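Two complexes come next, and they have one chain in common, chain A, joined by chain B in the first and chain C in the second.
Let's turn to the complex of A and B:
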């Protein structure tokens, strides 16, 4: 027992477990419960919600707003995380090995800065870039008439999230690339492989596990990211209403707590599946 | 230096330059607009002035919200670090039945139960407890969300502290609390620093939870006030928003510089949630 009795050991763990229990486990279970009631923020169903079984889930799956949101979320995750952050993160990790150290440090520093700045600030920075009222992109393209966030909301969100989150993939791939034996790259170069062939045949087999786990993690984060609310708030006319934004608007603006919880439950299940696959992969690697 | 090599080299630098511009342009506004006499949304060389800073400090809620941010973050960070350190030490040193299952569950929870997925019950819970508009309550919710990852990362660090240190301390009559405070934590200091910084940065940028749980503008942190300022729009706020964004960003940038200088920017899988 290493001098720490079971009683004291439990006492040490207790505060953390209490907080996790009250603010994480309990809400997760309660989501499932509220999801099968007609609970409302106001009105008679607020005081005495009644169980409605799986009605909410049936209604959710039949709701055009939900299917729209599911599709937009998939687009958001696929475009900005699976493709965007992954590709740019790897490209940066791969290319920056061969540039001068000061340039490498500057680029890495800026990419990291985009990642560590508070969400509301980066959202405002991009609002300023994309705004029609003298925004930077309009000035650069000499096009003062395009309201990017209104006319191309999903493209804007995807570009924003690539900018915001690439740092993680870059860091991960930088450390993964350090584990690729230089001798193998040298051999590839000697037999005349070009850069792309070297990546495909030499590097990729070494970092396949990293690609998979990285993709799962950034997908999970992107699907649960609330920052799109700060940029477009789901608009115009639900065109960029990804799942977190839809849940918020249904629950807090529409007051339909039960209905929104059914959506949350589906998101929780989705998260759970991705996380289980992720942990299984990690375990297999270890 | 074959021509092909030169072309590839130029291509490489052009590509890096484009990426550099992509990442730099949005941030540069944060350096220019706060000190511009006529600040706009677009990036331009400023007519230097410090008048906006004074305007921002006179704003009725700007300073209050930054104080609220500090309050929220200090409480959330302290609660997270202390309870995570205690739990990590205990879980690292004692075989409580079901410990491995518990750790697995914690790891799972930290990624599955996000603020977005649990916003309805968290809001209802705090509403029924009468803790809407309680900064302390909000800080506890934020801490609860950060704890699983914090415990996990800290346990890794504590695992690497040799047990012989503790045994020597115990031979000299140190209590378990003293062993933790005077032997284990000093050795695991990089881990504790990591958790301190990580939880502070996470709590500092957290928008959703304070947005849900703090409705009184006098109690809202900077994250929420920035959103309110943006919503109100109007040209007057362009004197306030840039300076305010800068003030709000400085602590995380300073912390990041401090950490990367002191400990090197160490990489922990899944550190950002």
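Let's turn to the complex of A and C:
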């Protein structure tokens, strides 16, 4: 038999499998498990949790805070990912095709920079921009009274996430657009198609698969993004408490680990449903 | 219907390449016109500048007497077929053909009607509901042609229309294309690097090199009297013999033979003698040489003679008269087919 043989092959992948097991598979399974217990961060239930069946799930679905978070998360995903990053990323990729190379490289570099900087750094920068006391935006607008993060927390988060995440869509669409045959676009121009008609009739059918893949990825990343906590911590009064923030606060501030794990499981189910819908759409194309 | 007038046209790319260089050209209404040249000669850029896909740096493009130099491609009244046909893979043949009408928001029924009528004229009737991926190369080409002629454009532009077809299909498509153009009487400009294609299809040919026209004429003129040695070299399926010679009295001394002189030139002037292998025949006198290679071309054979000083001269002979390798023979140019070029490469005359 060619190759290493099964035993030696397993030997080589074992360290990686071990790390994946300890840091990914075990916590995931553990979350599912404690979701059906009354596990707490402190107190008697921390020492000896007992199984409570689906009580946590029933309580979560009945919880007004959870419903509020679900709605905010949907808004966050729709506004900043499905519409914001998608549209801006495509627009940048489309417009940058024809500009001078130095302008394209500079713009791409800046957009990429927003993407590769660590979350806490970026969050701090935006905090400095949006803060009421001496915030850059307030100074620029000569408006020292608006506390953007407090008065418009969701709008701030959406703008922040569009700014931060557009690079991925831009890169993906740039390479997708490179695969559209120029002669087809030129044919559209020759018969008098305007920009929108060319995108609808020529570009979109070619990049349909890319649009779906991109939307799926950025939707899931946005739904699971924890950076909003660094900007608004869910406040004021739960107004920007997207699901990852709510789960964190329930688990570590409220100490209700079992309850928060049930929420996590529901978020996971939500992600799976969204992914299945996208995959169905992708398959229908083929 | 309209002709195309081009005056002083230059197209310079941002990197400084002058793809089209101060070019003048007139294409007559209803003419089938070829832009012929080696790759990089600017023929495709010229075609794209007529279409408006490249912006002219200088000069004018007139279509049907209207200055369209600054017009958008969509409002110039031109239709174009690309080398790769540029069919939309997600649309059926009918949708592809009717796409120009869809852009103009024509009613669906009219789109279908035009698609059916155009398809019938191009033998595509049974294929209307297929996708381009399900068509043969020839059918794809006809679909692209159908899309271009479905709306009545003034001028049809074809970029290397036959180069994506295999050799046998190419001959069929060539005949088809010529017949279609005659039927529609549509002013057509096509680009090709294949001299045989240009000779066979075109009413007139512009031979291009380095963004300029080297010669403009009918296929016969371009074939029989190439204006310079570049054109002489480029046209013809077997390369023309271009031999160095010197004027001696009232003749040209060339590879050991004294050939007639077409123009009045001073004794001792160096010239280049050009004669096509097809216009050389085996005779009692003329250029003497020994047969070194015989290549079978079907009806004729191409014989390469090794002459004085190692110069190679090609001539074609009929299939029955093939000489053996090593035979000594003389090659004599047919009357009127001996061309004489000056040192600058320009034609001095023919005899």
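In the analysis below, the second predicted complex is superposed on the first by the 268 of 286 C-alpha atoms of A that agree within 3 Å, B and C clash if a C-alpha of one lies under 4 Å from a C-alpha of the other, contacts with A are read in each partner's own complex, and residues count from 1 in each chain.
To be clear about the criterion, a contact is a pair of C-beta atoms (placed from the backbone, for glycine too) under 8 Å apart; a residue touches a chain by one contact, two chains touch by 3 or more.
Computed from a predicted model, the values in this text were never measured in an experiment.
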{"item": "Fit or clash - chain C, chain B, common chain A", "value": "fit"}
{"item": "Which superposed partner A:253 touches (first chain B, second chain C, both, neither)", "value": "neither"}
{"item": "Contacts of A:118 with chain B and chain C, given as first, second, both or neither", "value": "first"}
{"item": "Touched partner set for A:143, first chain B, second chain C, both or neither", "value": "neither"}
{"item": "Chain B versus chain C as contact partner of A:190, first or second or both or neither", "value": "second"}
{"item": "Larger contact residue set on chain A - chain B or chain C", "value": "B"}
{"item": "Where chain B and chain C come nearest after superposition, their Cα distance in Å", "value": "5"}
{"item": "Set intersection of chain A contacts, chain C complex versus chain B complex", "value": "none"}
{"item": "Of chain A, residues touching chain C in the complex", "value": "181, 183-184, 186-193, 197, 201-202, 205-206"}
{"item": "Interfacial residue positions of chain A with respect to chain B in the complex", "value": "1-4, 6, 8-10, 12-13, 15-17, 19-20, 22-28, 30-31, 34, 39, 88, 92, 95-96, 98-99, 103, 106-107, 110-122, 124-129, 131, 133-136, 138-139, 163, 168, 171-172, 175, 213, 217, 220-221, 224-227, 230, 243-244, 247-248, 251-252, 257, 260-261, 264, 267-268, 271-272, 274-276, 278-279"}
{"item": "Touching residues on chain C, where the partner in the complex is chain A", "value": "51-53, 72-75, 78-80, 82-90, 99-100, 102-104, 147, 151"}
{"item": "Contact footprint of chain A on chain B as seen in their complex", "value": "12-13, 15-16, 19-20, 22-27, 29-30, 33, 40-44, 79, 82-84, 86-87, 89-91, 93-94, 96, 104, 106-109, 111-125, 140-141, 143-145, 147-148, 151, 163, 166-167, 170, 176, 179, 201, 204-205, 207-208, 212, 222-224, 226-227, 230, 241, 245, 248-249, 252-253, 256, 265, 267, 269-270, 272-273"}
